[in-house]
Amino acid sequence: MDFTLSPEHEMIRKTVRDFAEREIRPVIKELDRQHTFDRSLLPKMAAIGLLGICIPVRYGGAGMDYLSLALACEELERVDTSARVIMSVHVGLNSLALFQWGTEAQKQRYLVPQARGEQIAAFGLTEPGAGSDVAALTATARREGDHYVLNGEKMWISLAGVADNFLFFAKTDPRAQPPHRGISAFIVERRFPGVTTGSIHGKLGVRAGDTGWIHCQDVRVPAENLLGREGEGFKIAMSALDNGRYTVAAGAVGLIRACLEASLYYARQRQTFGVEIGRHQLIKRMIGLMVQREQAARLLVYRAGWMKNQGLRNTRETSLAKWYACDAAFESASDALQIHGAYGYSDEYDVERYLRNARGAIIYEGTREVHLLMQADYALGYRSDAPLRCELPAYDADIWQAEANNW
Amino acid sequence: MHAIVCLKQVPDTAELPKVEPADVMQGTLKVTRVVNPWDEYAIEEALRLKEAHGGKVTALTLGPAEATEALRAAVAMGSDEAVLLSDPAFGDGDAWTIGYTLAQAIRQIGQYDLVLCGKETVDGNSGLTAATTARYLSIPLLTCVIKIREVDFTAHTITVERLVEEGLEVVSAPLPAVVAVIKGINEPRYPSFRGIRTAARMAIPVWGMGDIAGLEADKASEAAAAVRWTNIRKPPARAAQCEIIEADTVEEQARILADRLLAAKVI
Amino acid sequence: MSVFVWIEQFNGTPVSLSWEVLGKARQLADARGTTVAAIVLGQGVEEIARQAIGYGADTVYLADDATLASFRLDPYAAVLKRLIEEHQPAILLWGGTSRGRELAAAVSADLGLGVAAECLDLRLDDEGNLVATRPIYTGNILTDVVFRRRPQMATVRARAFPMPEADASRSGEVIAIPAVLREEEIPVKVVGFEQAGTGEVSVAEANIIVSGGRGVKGPEGFQPIRELAAVLGAAVGASRAAVDAGWIPYKHQVGQTGKQVRPDLYIACGISGAIQHLAGMRTSKVIVAINKDPEAPIFQVADYGIVEDLFKVVPALTEVLKERLAR
């Protein structure tokens, strides 16, 4: 057991914290108010290597480990959820899936520019009529010679408006039983004819984030853009969620810390009944609970990250971390708002934004109900994880940081 | 091109109010330490010169063992080499012992074109060390530099813009020179993850008193300090109790405020 | 063992801070029953030497030479060094300007002396030794500085001491001294100069500063602040947030990476009062905070506060003051 972070991890944490403080904090309130996604953030994130943080150097990444991904997500969401969402989608859901399942040619063609941040990537799984029930998705992919022809619509897609590449899940066999065996995954470029996207407005939270829809109308996708094999789409999607959920959980830890920091500051500034409000026991209760949630959530996330580094299957642990951390973040934001009183209810303070932002994560990447049932099923022995044809590779610093292809 | 950047590890500015007089006296501050913000501009400027002209950047500091973290930050930004001057025998030096020691270390590092540093540090705030270092090196000093206009490493000349009280002064000098930079000269970059990897693994040499050729111990140690700090204390708290001016209209608030300011004879 | 003061000039105009320092030097010298000598370096600056006598100098050492026309470290330091070696003053004081700090530091290194930089107060202890008070840790700590060698040297922050009254009837001696270095011995050349905006008051020397922060929301948001400053004859200041956003040039920045100021009146408009900003202005005599957020830390250091939109308050205040100050 070793709970200490390496000097390298500490430097990553500090760098991302400084980055978020300097590039996001000064503008976030206004972006959130205006429902504006700040595209200029993407090249800045790319410049320091965030968009390929845990991808090997030879694939254009920074060659850091999976724990570094969590640290980055935590520090970004400490300032705003929208920045962490970029990591979840671009790195967690898309790039790591390419790294895990892609052919060498696919990695060279798509992973390298994505890890460098030259191209932005999104993840198209959810549909207007298929969320938690993934197998119910209706997008189709019909083989025609050396192409597939894709049709269908994806909803609630983060970065839909800015991404260059999408991982698009569609049924190559709509009659398969069970239905999820008919799903396949495709790499779809925005520039392919027939691809259209749009934005969704009126979200409760993550208003500085880009969320939208993708529509494929007879989009011809080269057969070599099939990720994995036909019918492997569901497994690819679930393994991608193991990584996406991990980043969401890590971000939630940062959000809890933001709530705690704001609450500690306010509790020492604000006076009622002749003392600073931190002296009141009911305020202490909320602060104490926030500390408890922050620490517990972080340990769950770090364990999942450690397992990823070791190459251990972590679906169960990641699900638990995501479920707990996201619920804990929402509770913490609610308490933080309560501590701030009426001021907390106004957008002059950040805590109302934290509350709105925290709410979404209890829905996306597995609702709290999905995770609760997963944990019960694991415990009851109704669920277990079979080995995958392609597991997420264990982290090896020498391999990750080698400049040339030597493995 | 070889630029040597002198930097200092200082308390995080957000934590400066936590600094207590007793901690200053004992040299045991309970604060997070970072690279002096002014020095980040010096590091950035050195890296830009390297990118434009080739060559290398060496980061140099004098401080306790923990100060290697500041050097690692400079390496993570892109500095090629780093040297830590650390020895209990240096003691609690001042601008003169430190300037002397830095100058001797710079001589030992070898051929160089520029010594870059920040305007001042956020702990000592004296802004003296750039000058003392330049004098001990017997090379020109250019302070308040907000732009390097031209630099020619073949002809060994530099032309800079200095932001002084009255405006911008353009000055040229032969190289090598000490250049103290101010905010506005650039926007310091973030460390890259690649840089962080290099920095985390770099074995940074530590030079003690005996490792610097020609260093005279009696000029480098605390005993040689020219000044002494005494009666270290918190500044008197502002006695002010804020009077919040309330009225039915903004015009009325403005009128009351004007009355107060006239009564206080500050306008 | 007299008190020496370097009188700074730029383009033949004395820097007013030098007179503040000279006034303090006079006090210190009187307390010790000794004399004050002023040092004037430049070209065509005899008039400044005479003014120095009016402000309290008994003797003025005047080096008037083409090599000294513009400030350059080497020729200036060489003259200072020779003067110190010849006269062994007990105390040597400088205005804490960009030039004063640099020159004091260089001379101190050349002669193995100490300098207390950016002093807020100077006094003599019972033995007549100089004790200089200066802020460290960016204004969060004060320390007294004592000296191990003489002369004891200090640079003084603007507005630390009051401007003395000039007395044209005072008499004193102007002693011409030569430059030490010849032009060919001076490596640094001044090749150009661009004046700062005309009519602008600089924050370092201003009696009144009107400052804007993030709350001004953009470059055009500084317009009402400029208008208020114009009515008050004040300098325009800014927080780091406003400078970093590119709304106003760096020279206006007040705070830890900007100027440390202590005007009579500091009006903070739309500035929340980050620790780094407070470090630069909390010693102002009177502080006014105008901010929509009643919990903004700026109110904790303010004497007067208005919790309201600056875009309503500042123009209203400008109008009121136009009337009041017109009288």
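As written, the chain order gives the labels A, B and C, with residue 1 at the start of each chain.
Following the convention adopted for this analysis, contacts are C-beta pairs under 8 Å (C-beta built on N, C-alpha and C of every residue); 3 or more make two chains touch, one makes a residue touch a chain.
Source: prediction; values computed, not measured.
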Exercise for the section: Between A-C and B-C, name the chain pair that shares the greater number of C-beta pairs in contact. Expected result: B-C
Problem - Closest chain to the centre of mass proxy, which here is the mean CA position - result: B
Practice task
Average the CA atoms of each chain to get its centre, and name the chain whose centre is farthest from that of subunit A.
Solution key: C
Handout entry: Separation of mean Cα positions, subunit B and subunit A [Å, integer]
Key = 39
Practice task
Averaged over CA atoms, how far is the centre of subunit A from the centre of subunit C? Could you give it in whole Å?
Solution key: 53
Fill in the blank from the handout: Taking each chain's centre as the mean of its CA atoms, subunit B sits from subunit C at a distance in Å of 21
Problem - Residues on subunit C engaged by subunit A in the complex (per definition of touch) - result: 214, 241, 244-245, 292-293, 295, 297
Practice task
Over in the complex, which subunit B residues touch subunit A? Could you list them?
Solution key: 69, 72-73, 76, 189-194, 196-197, 199-200
Exercise for the section: Provide the residue numbers of subunit B that touch subunit C in the complex, in ascending order. Expected result: 11, 13-14, 16-17, 19, 21, 24, 37-38, 94-96, 99, 122-128, 130-132, 134-136, 140-144, 146, 159, 162-174, 182-184, 225-235, 238, 240, 242-246, 250-251, 253-255, 257-258, 260-262, 264, 266-267
Practice task
Using the touch rule from the top, collect the residues of subunit A that touch subunit B in their complex.
Solution key: 6-8, 11-12, 15, 18-19, 47-50, 53, 57, 62-64, 68, 401
Completion exercise
subunit A residues touching subunit C in their complex are 26, 266, 269-270, 343, 348
